[in-house]
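This report concerns only the one structure given below.
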Amino acid sequence: MNGGHGRLASRWLPTPTLSLLLLVVWLLMVRSLAPGQLLLGLALAWLIPLITRRFWDPLPRVKHPLKLLRFTGHVLWDIVKANLHVSLLILSPRRTPHPGFVEYPLEVQEPLTITLLANTITLTPGTVSTNIRLDRSSLLIHVLDLDDEQALIEEIRQRYERPLKEIFEC
Amino acid sequence: MNPHLLILPILLPLVSALGLLLTGQANLAWQRRVSLLATLALVGLSAWLLWLSDDGQIRFYALGDWPAPFGIVLMLDRLAALMLALTAVLALGCVLFASAGEDSQGSFFHGLFQLQLMGLNGAFLTGDLFNLFVFFEILLLASYALLMHGSDKPRVAAGLHYVVLNLVGSALFLVALGTLYGATGTLNMADMARRLVELPEDRQVLAGAGALLLIVVFSLKAAALPLYFWLPSTYAAAPAPVAALFAIMTKVGLYAILRIESLIFGAGPGAALIQGWLWWMGLATLALAVIGALGARDLRVLAAYLVLASAGVLLASAGLDTPQADAALLYYLVHSTLITGALFLLAELIGIQRGKAGTRLVRARRLRQGTLLGWLFLVAAVAAIGLPPLSGALAKLWLLQAVDATARPWFWSLLLLATLGVLIALSRAGSVLFWASHKGDTSGSRVQPLQLAGVLCLLAGAPLLALFAAPMAEFTLATADQLATPQRVLGALFGEPTALALQTEESP
Amino acid sequence: MTLYVLLEWVISFLLVAGGLFAFTGSLGMLQFKDFFMRLHGPTKGTTLGIGCILIASMLYFTVTQGDFHVQELLITLFLFITAPVTGHILAKTGLHMHLRFITGTRGATPEFLDEDVGQHRVERPPRPKRPKRRARARRWL
Amino acid sequence: MSLPWILFLPLLGALPALTRPYRDTPGPQWLPLLPPLLALGLLLAQGPAILGGDTLSQGWAWMPQLGLDLALRLDGLGLLFALLILGIGVMIQWYAGYYLSPKENHGRFTGYLLLFMTAMLGIVMADNLLLLWLFWELTSLASFLLIGFWSQDSDARRGARMALTITGAGGLALLAGVLLIGQTVGSFALGEVLAAGDLLRASPHYPWILSLVLLGAFTKSAQLPFHFWLPHAMAAPTPVSAYLHSATMVKAGLFLLMRLQPALGETPAWALALTGVGLATLLYGAWFALLQRDLKGILAFSTLSHLGLITLLLGLGQPLVALFHLLNHATFKAALFMGVGIVDHETGTRDLRRLGGLAALMPLTATLTVTAGAAMAGLPPFNGFLSKELLFAASLESELLGGLNPLIPLGVVAAASLSVAYSLRLVHSLFFARPGGEPPEAHDPPRGMLAPGLMLAALCLLVGLFPMALAAPLVMAAGQAVLATPPPALNLALWHGLNLPLAMSALAVAVGVLLMSRRRLLEQAFQVFGRYDARRLFEQAMIRLTKISLGITQRLENGSLQRYLALLLITALAMAGLGLSRLERLTGELALQPLDGMLVLGAALMIFGAIGSALSHRWRLVSLLMLSVVGLSVSLTFVRFSAPDLALTQLSVEVVSMILMILALFFLPQRPPRWISTRRMFRDLAVAGSLGLLVAGFNFALLTRETLSIANFFLRESVPGGGGTNVVNVILVDFRGFDTLGEITVLTLAGLATFKLLSRLKLFMPAGNVEGIHWSSHRHPMILAVVAQILLPLALLVTVYIFLRGHNQPGGGFIAGLITAVALILQYMARGYEWTRERLPVAYNLVAVSGLALATLTGLGSWLFGYPFLTTTHGHFSLPLIGDFELASALLFDLGVYLAVVGATLMILINLGRVTTVHRPRVEEH
Amino acid sequence: MEALFSLVVGVLTASGTFLLLRGRTFPVIVGLALLSYAVNLFLFSMGGLNTDAAAVIGDSTAPSDPLPQALVLTAIVIGFAMTAFLVILAVRARSELGSDHVDGKTGEERGKG
Amino acid sequence: MLDKALWISLTLIVLALAMNVIRLARGPDIPDRLLALDTMYVNSIALIVMLGLWLNTKTYFEAAMLIAMLGFVSTMAICRYLLRGDIIE
């Protein structure tokens, strides 16, 4: 999310994406496009990242915003699917699920990327990420209904980790 | 009169506290200077207010320019002025004493001390029940903090009890307050009184029940019988200047009781119940306090029981509810506050020079300044026992006279027996501390000028109150008269709009 | 007019679906046999359920009050940021605390997974039991 | 006028004494002696007028509200006593100059003595009963100091305390009596009281008044059974004893009896009490005087005896004789003490058995002592003889006891015999007998030390020889004051002719000599009585009193908070229950609202959470989780019942409190505590249940009744007056902004207080969690850190939003402050203290205090415009580009609130969190 | 509804009181928290239990009494300050007295669990 | 129609909350209870939003937002307590 257009820009507008997000959120909250609110929103969108900059680790840059959008869409759809699946599993009393732990070897290494991956895994079909190794080499996943461990790992790799990697160009 | 004068007793300590907390935290000399100056100014201010109040007029200050009963109103009558002045003098003694070194034992002493004063003054000035709650909390939290100043084991142990009990007290306060608001629909005490008489009977009963609960809460602060057990260990554990300031804390409870009794129960049917309660609990407190004093094996504990004994006397007298008794009570209140405060300070000085024995009543090494401390102790003890020619004797004379002995033989017997008990306890303490010493070297640091000044500031009350007994008595009689006629408050607050300091002016 | 009817249908559907998702999420939490399985319901079902209800609310207010109401997105945003993290950390805690999982759980045994989990326990303090004998009679106060 | 001078001049003498407390040469300090001498001169100057029957009086109001005036009078009675007090006082001070060693603090001694003198003078000169009482108590105090003068001596300390306790108690009884007199008469002025004798005697309170006054007088003048303090007061330096026994203290009791005789006397009860007690004391004192081995002991018991005698005379209705004997006793007893003191001083012992044969060694001392001793024995031609003869005569006249009348002369003769015996014994064994051991080496002291004693001894002789010239006028004048009527003529002469009293005297001398020679037998008889020691009994009683007191106190204050809490709650229950029980119907007039599922669920949640957290209290974390359910449900309740601000506040406070409690849990013991007894549980359940019922009752009663509240004003004025549509917020920052100022003061105080508490914390650091599992080695889970980063800017944005809308919509500075605080705490949680500290190097206490300061300054701002503190202003402004907007000064106030909240909250939480980080734990648990 | 509300307040009070009497610092803290919930609800209800009546001018037609709400707000904050102090005091007491019993070691030895 | 949907949804949420309570009471372990509590927080967001729909007001909206934002923090705090004991290191 780091803009990084020269020193000045990075000094005075360290994270344009964040600033944009904040402005949007502000306008969402105040539900108004009045000049006053716009101005205030701009000021906040500029000031808050400046104040909180020191709290941010160096961030990977978003290279492909469009891919990010697509990825988000995918994930949302998966979430709905996952929920239908899990709901059915919960509501049908006959079928007993076969839970299991899967150790997923990580390719991405940036904290933000790993976090996004872990969160995505948690939100999507029958999986909850449970632990990240201290050396970031793998991610332990609890699966509600485990059939094929390798297939699952491959699916996650293709569907989530690769796109994430592309988005941040690791 | 400057209309803002009324709020100054609250703002002055607040602003000085802010100054103290914001600047020069490390510079103790600066802190002391500011704190002393602020307290001196408070003494002057409250003296002025005392003088003002003596014209019998009740003054109000409408905060935020909102009229009563909607906004919060401060109220200055003789009683409030008296309590303010007493607090200021007591505080001056404590600050002087603390500035000799006690204040360096922990952080923020002076700032917290000023906030404590703010809480006390606010509680004395406010005419609004909820605002009273707020100021109670301020003064309580400040007192918790001060109690923990330079904290050690006994302080923490006693502090925990003190804090928990008071927190429960605060919860009960809110229930009582809610009940009173629910029944009367207002928070201003005078307005409450005004509405009460017009309410249907069931609301009156409910309000009365709420007020009874309020009395319990105040009795906790005032240290009435089943609720006082926390006091001795807490006061004995507190740092000397703080313990001395605490001498006024029980009086805040009593003050609140007097206010409620005068304003809310003045008209209602619950008065007899309240007075019965105060009367018997006061007497029982007195009896047990003297028993405690007789059994005390430490001067600080003894002093704490003297605080308790004075609380007992005050509560029982408050139960009498005659102007004479109220006036005598107020005279006694001023006397006992100053003297018990002085005793706590003295105990500290004595303890310092007695080596390991401290203030425990055992044979120990000779005091380094036995003569000086002995004389001071003598004066304090004479006043505390109620021997002539100091204020204690006059206070006792008056209290006894305010009661018809044949109607209430208990009071006379108990008060006289209590005097004897305190006499036995203090003469034993004095003879152990100053006479029964080991031969040999003395140790401990000498009394510092500031400490001496602090003690003298409080102790001077005893001869001065005796010397100027007549004007003082006149003032307290007028105060009691003002308390007995709460209608005047109503008249001044709601009857004549001009009486309201700033109400008539337009809102900005 | 038909738009409104349609929207009403959509809102109603979202509400009911949201309620159902939230319900199944909690039901899963109640039903499943071990902690890690119970975790699945709330992290997904409830989150999505609330999301649906929020969107329903958004639509409803936008329709009835005429102007644009999208604050609910903000809540959804917060939820979608925090819910998985909660799930993750809770699972981590569960692992750390040696919560048992039902027999038949497949895959890598987490005890051997990480330097972080699966350490030996400190000696477990005995749980005090209610004393058998009545304690010595005490005064009432 | 000179009355106040006479009274207060002696006190002035203390000043020069105290400035030069130590001396290098023996002898009196003249400077401190001057003021009392001057007072004596002034007194003598008034003498003729008083002897002529005048009464001088002078007064100032002191505390007129009490009837307490600084009113002085000098009449015959006062003159007699004042002469004794000042005259003997001066001599004793003179004498003491030699008696005390140069190492002793003369200044302090003189100071005490002069204080004592003033107090005594005050008693005899008071023209107001309350004033009299004040001085009365002052003598107790002064005597305490004097008796305890040799404080390193435990006897002196104990004697002093005993004297103070007994006479102090008597003083309190007297006070009660005086107040009763005042209530009966309506005044404390002596003149009015004395004139109201008939009223007093007729009053139903008379028995009380009499008993109380007599109690005061008898304790002071050491009458049986309050006599025991006096012999032990001899632990004091001898000059003190001389003064105490002769002219002051014990005489105060007699003075009081004489003073109040017109008001209270002349009733059978009076006469009987005085006669009975006097006779008993007379005999008792005389008997024990004979058995003493200590020189001063003899004198002390003889004083008892003579005081009994004077009381007896008063009882017999012979005040003139009583006065005369009082005068005589004062002179010879003072002289005797001085003589004995010299012996003690020169030989270093007071034990009779070790002394003897001193007549040759100390001729002048012997002369002095023998003269005074003869007076004490009642031998002619000394003054004691005269008064004893009169006593015999009076005893014969008495008809008080009816058939038992002869008992009085018999008793008197017996006592007289004893007094001859002990006087003889004293003189004989000191000066003429062979000493028990080594013969002591001694010689007469300097002249200066002898002079006062010799003068007094001479006075004994002179009064004996010329009674009518030297004593009669004074006694007559005094008698006039006592009797209130002109006294009968007093005929004083050595030779009365051969009559029964003379025979009785002769008999007494004969028996006395016999007794003295058969003393050994008596002493054996004394052994039979056993070693009865009043002091030991008294001290044991005191110790028992102390122990019992301590026992009671410890039984009550057992240091158990649970008990104190239970008492508080029970008291509240009782009082509020009493109030509520007077309500006729609990249900009020309002119709009840219907229930719905949401309400039932909410109620169920709260009840579940409350009971759950109570039941699981031993598993703290579970209890805390249950508590959170309640907190959440309370917030939902606020939402349900239209209090959005409350809901927001409750939610945010909830989170912060939760974090705080978890922080604290880490420092508390990890294992659940023991079970407690079922019995206790039942008590607690009963208290808790009743209190719950009570509060529920209050709540229901109020909920079903309509409130006529002042709310409409706020709803009406909120927009026009406060400039905001969120009335709750307008109340907080405007209508009742003062409360809010107090509230943030409390919050700031909490921050400062916790900072203080944490400054010296010793830590216990558990090794594992409640389940016994070691802490994870993963300090900062990555995923949490990342999310915390993301949430921070969003939270700050929300903060601004909540803050700005507060005046018009739910929100405000307080909630905004808590959101900021929580967002920052999340950073600390996710990344640790040091990491966050580096990025946020802010002193939170300064933030909190600045917030408070900002709020205060905003309030003060209104002063500039002449409005009261915290008056707000608001207005519409319009700027190009931005358009219309509204600003209220309350916003600034709210900003103060925001800062105070952020600062205080972080100060509390971060400081607690910090302690493990900055100060590594010193104590490891397990 | 009024009865149910009062019942809840009563139960909260009773549970809080019961915890207060438990003699350990942490239950006392929790008990006080429960008690203050009860008290706040009580105080709040003095303005009446109204639905859809937020005291925001323009938002509701018959706004409820805002004063008790303001009072409760202040009470919540003060309660929080007090709780915070008590919590820290409990920590301090534990470190100073060696026990989390409210009476310190002596209380523990007395066997009052 | 909308009313019915709202009613159904509300009932479902109320039931969900009831189930959370059961899990909270039953445990058996602290993470279970914590999960139940966290779910309660989330479900109450729905409750508040639906109350807003029912009353046709957005006055209470911020309460829901606060729960979403802050409920998470207290859950994290407890987890940290269980994992590390010391929540601010």
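Residue numbering begins at 1 within each chain, and the chains themselves are lettered A, B, C, D, E and F in the order written.
Keep in mind that, in the parts below, a residue touches a chain if its C-beta (ideal position, glycine included) is under 8 Å from a C-beta of that chain, and two chains touch if they have at least 3 such contacts.
Because the structure is a prediction, the values reported are computed rather than measured.
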| item | value |
| --- | --- |
| Intersection of contact partners for chain A and chain B | D |
| Interchain contact steps from chain B to chain F (minimum; 1 if touching) | 2 |
| Mutual neighbours - chains that touch chain A and chain C alike | D |
| Identity of the chain that, by mean CA position, is farthest from chain D | A |
| Selected interface, B-D versus B-E, where C-beta contact pairs are more numerous | B-D |
| Centre-of-Cα separation between chain F and chain E, whole angstrom | 21 |
| Chain centre separation in whole Å, for chain F relative to chain A (CA means) | 23 |
| Chain C and chain D: spacing of chain centres that average the CA atoms, whole Å | 66 |
| Rounded Å distance between chain C and chain F, as computed from the means of their C-alpha atoms | 8 |
| Two or more partner chains touched - positions in chain E | 20, 25, 38, 40, 42, 45-46, 51-52, 54, 56, 59-60, 67, 71, 74, 78, 81-82, 85, 89-90, 92, 96, 102-103, 111 |
| Chain F: positions in contact with at least two other chains | 10-11, 17, 29-30, 34, 59-60, 65, 69, 71, 76, 82-83 |
| Residues of chain A touching at least two other chains | 25, 29, 115, 118-119, 134 |
| All chain pairs that touch each other | A-C, A-D, B-D, B-E, C-D, C-F, D-E, D-F, E-F |
| Interface residues, chain C side, partner chain A - complex | 20-21, 24, 27-28, 31-32, 34, 36-37, 39-41, 43-45, 47-48, 67-71, 73-74, 77, 80-81, 83-85, 87-88, 91-92, 94-95, 101-102, 104-110, 113-117 |
| Touch list for chain A against partner chain D, complex | 18, 22, 25-26, 29-30, 34-36, 39, 44, 48-49, 51-52, 54-57, 111-112, 114-115, 118-119, 132, 134, 136 |
| Of chain B, residues touching chain E in the complex | 130, 134, 137, 141, 144-145, 148, 151-153, 156-157, 159-161, 163-164, 167-168, 170-171, 174-175, 177-178, 181-182, 187 |
| Partner chain F, residues of chain C touching it in the complex | 8-9, 11-13, 15-16, 18-20, 22-23, 25-27, 29-30, 35, 38-39, 41-42, 46-47, 49-50, 53-54, 56-57, 60-61, 64, 69, 71-72, 74-75, 78-79, 82-83, 85-86, 89-90, 92-94, 96-97, 99 |
| Footprint of chain F on chain E - complex, ascending | 51-52, 54, 56, 59-60 |
